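In what follows, chain A forms one complex with chain B and a second complex with chain C.
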Partner chain A sequence: MKEMKVIGETELGEGRYVYCVVNNVAKKSLGNIGIERAEVYTVPYKDIAAVVHACQSQPYQSRDANKVMGWILSHNDVVDGATEHFGTVVPFSFDAIVKGGDTTIKDWLREGYEKFKNELERLSQRAEYVVQIFSDQDKLVEKILVEDQALRELKEKIGKMPERAGYLFRRKFELGFNDACNAMRAKLVEEFASQIKEHVEEMEIERKISHLPENYKDKKLIAAFSCLVHKDNVRSLGQALGKISQEGYAVHFTGPWAPFSFVKLEEV
Partner chain B sequence: MRPSRQECDINDILQKLLDKGLVLNADLIVSVAGVPLLGVNLKAAIAGIETMLEYGMMEAWDKRTREWYEKEYAKKVAVPLAMDEEIITKAFGSVWSNQGIANTWKPGIWYLTNNRLFLWRKEPGEIIFEAPLDKIEGLTVQKETHFKTERDELYLQFTSGEVGRIYASNIGEFKEAIGNALLASLNRNKDHKNEMR
Partner chain C sequence: MVIKVDEGNLKQGLLGLVVALVEIIEEALVRQAIRRIESGRLTAEEEARLSEALADIDEALKHIKKENDIQDVVDSVIDGLSEVADVFLNPERWEKEMKKA
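== the complex of A and B ==
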């Protein structure tokens, strides 16, 4: 048997978990509100500060979904708390950890100062809102059939056929319907976007929603937007969405959130 | 209508915190584990970053971040090596396993050393698959369909007649590295035999 050697012992150093960057001058503790009750505090440089907690330089990872969920909620709570406390925040993604201590954070803020400052300025008085618009499957079918004569005729034809003979036609209908459905969705996204646009500063059309709200599970998602909204326009956006809702769509409208989708430093 | 913020908006929170928000520069980061979690359920997401790399969920990461990650995490893996064993190269990848009930791809990190090829899983720290170089006699790259997209996979022909099917993130280079290691090992063995005479 050959003798074994072990390479690369794990070496953990100091780290700082970053929640967000805010406008603030002094070093200040926000209390034990962080992930796993860590003490959250600010590390200031000039008139901005990073909201952090001290941790080891390794990511928070667990196979326990509830635990991870708890961490994510804590992260969100801290960002919300910071928003309440400091106004505008530049939020970070979950599990962004800087290797090093407060000095490293300060150096990092110094380097990115202009960028952070501009971003805090641009995002001030603004928050992110989630808008998702759903339709009942039946209503969608109805709407598509009204507009698509070929499909309508196909459906009528199938209706008159015996169960078995209709298989190929049903398949043809399904395929045609899927195409029509995609086209209809694309059209509706455009329509909704134009109704919302004037009330928002910026808007992102979400192509993919990884986590859909529970209470809309039986409906079809038609359009999803992330919107950066000035605080004076939240009301009018709500009214525009109210109109869409009156047209028979289910509208999921949440916020204010920290502007996660609109921070544009790419890498800092 | 008015915007709401309730417990049931947990899905909005997940979407934002895992998919959005700033990530750190590669020189500073310890982790940007949040980035690639989009599109996976939470359970799969927390299976570990290596697993996600294997399934191509880290495409959002730029090359620099990936390189950093590979460097950083290789350090933390305590890989069992023999005294005279040197690592030639390593790559994220997987091996096709048809032992047991289900046929699956088992992900891990490939290590190619001067003696063998093995797939290492950091947690719980085990060798999933291993082959001494002198038991490999042929290498072929073939196109296969994986989750509806085509990718190159590497087939290993063993002296025993068995065939192994593996995947690695940079399969072309990886094949070349194995090929070179095989040649080197072959020459070494020849020298060794000559010495014995």
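== the complex of A and C ==
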């Protein structure tokens, strides 16, 4: 989508901020629910429509992180609202702006019609769910020490050494422990992925998460997945996660969200 | 990696960067020292001296970080550098992520 962003434009012209593309036939206002209370409305072409607001053709930028966070939340609210209203949506990332007016949007929809239509079809009845699996720090340490004799012996040795003289051995333990921890996490990610995959259409393994849920602050993240799930499979996915939870892991399962991670529109 | 410097916090940012680099060097020294110990060529007294010297560096770094309140800056510099290193270690995944973005 990068080519859509207008950056460093000196003469600001008309622009349209695009939230998502939906199945729709009529032009319709959704009210002043957009970024900075902009009026959000649909621009239809054939049986699809873009959900937009009118703006200048320059990106929303600010050094004030709270302001940017507010914009992003508004963006997500509009996409969620559109999902409720129209069913399936093809969501866009924050700050996707098309230079031009409604006519340009119509042309843009016409050019990409087949791709948008295919995506709406592919994502229909499906939503994105986020699965994060955590372990207690103590349980993880215990599990690693049970499996790793060398680390266990090193830990005992450190216990008998004076503070400063034992420093290097403590560091050796830390480095060895981190390696063992990463290896165990990689193994568990694969195990969890194989337990989940039969219930999802598509799955992305996330390397890190941007926001640690409040209740999980004292735990260690083991695995995070974004999953595209058909509505008929949400219950069975929940049951599979229930089993993982019974094995002693804390599972954070959220959704449905608009399928941000699964839109494939590279060439539009 | 983009390093953002807030003019009001220039000292903190710069000091954080320096301390982050020293921490990275210290870790390389620690790994080297561990290898030396494992080679079995050091006497117990030499091992203890090496350990104490590195413990002193570690303590000094902790003190500087606490005094200047730069733990977050240091962490973010090290995270940023780890991501750059990751590009070299795992170029295929990076390429995939760039396409997604």
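Here are a few things to note about the model shown:
Following the convention adopted for this analysis, the second predicted complex is superposed on the first by the 250 of 268 C-alpha atoms of A that agree within 3 Å, B and C clash if a C-alpha of one lies under 4 Å from a C-alpha of the other, contacts with A are read in each partner's own complex, and residues count from 1 in each chain.
Note that in this section a residue touches a chain if its C-beta (ideal position, glycine included) is under 8 Å from a C-beta of that chain, and two chains touch if they have at least 3 such contacts.
Computed from a prediction, not measured in an experiment: that's the story for all the values here.
Of the two partner chains, neither chain B nor chain C is touched by A:Ala250. Within the superposed three-chain model, A:Gly238 lies in touch with chain B and out of touch with chain C [touch as defined at top].
In the overlay built on the shared chain, the residue A:Leu168 is in contact with chain C alone; chain B does not reach it. In the superposed pair of complexes, A:Gln58 makes contact with chain B only, with no contact to chain C. In the superposition on chain A, contact is made by A:Val68 with chain B only, not with chain C. By the touch criterion defined above, A:Leu123 reaches neither chain B nor chain C. Of the two partner chains, chain B is the only one that A:Trp108 touches; chain C does not reach it. In the superposition on chain A, the chain among chain B and chain C reaching more residues of chain A is B.
2 are the residues of chain A that lie in the contact sets of both chain B and chain C, per the superposition on chain A. The touching residues of chain B, when paired with chain A in their complex, are 1-6, 8-26, 28-35, 37-40, 42-43, 45-49, 74-84.
Every residue of chain A that touches chain B in the complex is listed here, in rising order: 2-11, 15, 18, 57-65, 68-69, 72-73, 75-76, 90-100, 104, 108, 128-130, 208-215, 226, 234, 238-239, 241-242, 245, 251, 253-258, 260-261, 263, 265, 267-268. Chain C makes touch with chain A in their complex at residues 30-31, 33-34, 37, 47-48, 50-52, 54-56, 58, 99, 101.
Within the complex formed with chain C, the residues of chain A that make contact are 2, 163-169, 171-172, 175, 266.
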